[in-house]
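Following this line, the structures themselves.
Shared chain: subunit A. Partners: subunit B in the first complex, subunit C in the second.
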Partner chain A sequence: MKEEMLDCLGEACPVPLVKAQKALEKLDAGDILIVQIDHSCAMKNVPEWAREAGHNVEIEEVDDGEWEVVIEKVK
Partner chain B sequence: MREKKIEQYDVVIIGGGAAGLTAGIYCGRAQLKTLLIEKSLVGGLATYTNEIVNFPGFPEGTTGLGLMELFHKQAKNFDVKFKLTDVKKVDFDGEVKKVETFRNIFEAKTVIVAAGGRPRTTGAQDEEKYLFDKGISFCATCDAAANTGKTVMVIGSGDAAIEEGTFLSKFAEKVIVSVIHDTGKMDCNEIARDAALANPKMEFKWNTMVDSFEGEERMERVVLKNLKTGALDPVEVDTCFEFIGYEPNTEIFKDVLNLSKRGYVVTNELMHTGIPGVFACGDVREKELKQVATAVGDGAIAGVEAEKYIAETEMFENQIMQKEKIGLIYVYSAIDAPSRELLPTMQEIEEKFNGQVKLNVIDLYKGKSLCDRLSCDVDPMTIFYTKDGEVVEISDKCDMPSVTESLNKFVETAVR
Partner chain C sequence: MLKKFSESIAKNDYYKAWLKDAWPYLTGAILLSVFQIVTIAVTGNPWGVSAVLANWGAWIFEAVGGSVDKWYYFSSSAARETLANGPLRDPGTMRNLGIAAGALFSALIASGFKVKKLKSWRQVIAAVIGGLLMGYGARIGFGCNIGALYSGIASLSLSGWVYGVFMFFGAIVGSRLLVKYFM
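For the complex of A and B:
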């Protein structure tokens, strides 16, 4: 039950998505990956990908224009 | 299992479309601690509509996304908190309502269900590539004018399909209707059917359903399949309107709320669901017209009702069901003279008991819901006696000697 932070601040699409995909691969089911982003396009494609893959997703707006995408690996 | 974090709110709103955001604005303004949970992006179904020209206050028109961003901003200005995640489970039993996401359990005094709905789709090949603003529309009111002089297709033959198709024929050059049934047979009412069949701008493709959608960036043609012959028929159109029904997002409320046959939440005109403290508003409700304008009205009512419910709960618990003194709760009605005339008598009795008794009066005419909380359907001229915040006696004898006698059973120092 790890919780891992992934800093993607200042990075434009599709870098956050690719990074998130790679990071999640290394985690086990039940672990949580928190992707920090500040590009609004990543706020769309990262959660969309994670949801489609069947994981639990929550987006939190930490600051104006800064978000954390919380992904719980399901399988 | 990871432990879920528990947070407390006055109001939890499920759904961030026009109805939920409006409810949020009203709750936030009433200084209630409010949380809005949205599963994808704030703004709801309205954000799928490119042009909104019938929402009052925007004479030049606006975009769905633009309008919803303004709603969102306004709710934030009133300190509404937002969580962007799925609601997994709700529990509306008991006074504290629970709303569960994968990381949290939110405990709330009231819940407003504004989960909305989604149009049903055909499931044909490549449909998802063109949904909403890329050639496949679900709203004639929204996109008719943009198709002035063009060729459009309508899928379906129910009331919505044929009536919207007829409406579209006022704008479009040609309206091609794909009907799954044999020639002349439709699911809609006969008046609409006859009008449609007589309409020179409407053309019908019988025994057909959509096989696939084709096009580059935008959808350019619909490939229909004849159900009898199996033949494929590519039809060039500018927009395809699908009217094959609408599905409410009520899966998680199935065994919790009273749903209509079609799966929508049944409410009264005050957005009450029948469960105290749980309200529903917007497209998720069983109702006729589903527009941003009607969602806004629903949301405002739900917000105000939630606020009233919370205020009333506090009043009921702290004042009416007070624990300090013996309680004398007199139920009367402002429109019933005999019961009204006893009010001074009740005050006299309270004074007579020298601070041992606390009188509360409930006007049935104005505050029926307060009376409902005593979980008793009563007539005016009823008295509830309470001790330590619990009802110990209910009586309809309201004359001075009877009331005095009853109170003497509970107070420390009897009074004559």
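For the complex of A and C:
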């Protein structure tokens, strides 16, 4: 069980999504990837992609306009 | 008390659905369609964004003593009239300001407003180069993705579809460059 932070603060779409996809590829099932984002459109496409791929997703609002998307890799 | 009030609003279901969370794409599409019809009905011109920016450039240039009288781009009578009327009587200027004000308001009311830090100078350079290319392309193509693509297709013009096909190929090249230099 590994937990990895991915800093995407200050990055615009689609950079956070592509970075999250690449980072998750390197992880094993059961590992957790936390994507830090402050771009509201990434708030839509990152969780959408992760849920569609079948992973468990939780969104935490860290601050005004700042979120952490917690993705647990399922398979 | 104000803190308590804002905390109770944050938990309100209607606040979350209407103001906090993003609306579904379909809702956005329908609203955009309705408002572009309102735009063409009220102003007599289809919705456009970037042509207004060129007019802003002309007004700024004239304000500092320049003249665009001999420029081919502003030589049509419609363009001359718009420039002569000034920004306060230009529907496009009002609409662009409205878009910026509305976007700011929606971010503020969703408590999603944040001044972002620059990630790298590479990002700044790419943004400047990208902006210049987009601005140049939008003027030489007589419209951006709103005026030429969206409004073009909405008015059943073939040019909108042609624009869309080539924008798709441009987007493929752009995403390749993005993955190569920003990942």
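Here is the rule we go by: the second predicted complex is superposed on the first by the 75 of 75 C-alpha atoms of A that agree within 3 Å, B and C clash if a C-alpha of one lies under 4 Å from a C-alpha of the other, contacts with A are read in each partner's own complex, and residues count from 1 in each chain.
Here is the rule we go by: contacts are C-beta pairs under 8 Å (C-beta built on N, C-alpha and C of every residue); 3 or more make two chains touch, one makes a residue touch a chain.
In this text, all values refer to a predicted model and were calculated from it rather than measured experimentally.
Legend: residue contacts after superposition of the two complexes on their common chain; A:G30 is shown touching subunit B, with no touch to subunit C.
Within the superposed three-chain model, A:V57 lies in touch with subunit B and out of touch with subunit C [touch as defined at top].
Looking at the shared chain after the overlay, A:P14 reaches subunit C, while subunit B stays out of its contact range. In the superposed model, A:G65 lies in contact with subunit C only, and not with subunit B. Once chain A of one complex is fitted onto chain A of the other, the partner contacts of A:K22 are limited to subunit C, with no touch recorded for subunit B. Contacts of A:S40 after superposition on the shared chain: subunit C is touched, whereas subunit B is not.
In the superposition on chain A, A:M1 makes contact with subunit B only, not with subunit C. Between subunit B and subunit C, C touches the greater number of residues of subunit A. In the superposition on chain A, the residues of subunit A contacted by subunit B and by subunit C overlap at 44. By the touch rule above, subunit A contacts subunit C in their complex via residues 9-11, 14-15, 18-19, 22, 38-40, 43-44, 63-66. Taken in their complex, subunit A has these residues touching subunit B: 1, 30, 32, 44, 47, 56-61, 70, 72. Remark: subunit C residues 22, 107, 111-114, 116-119, 123, 175, 178-179, 182-183 touch subunit A in the complex.
Contact residues on subunit B toward subunit A in their complex (touch as defined above): 2, 40-41, 82-86, 101-103.
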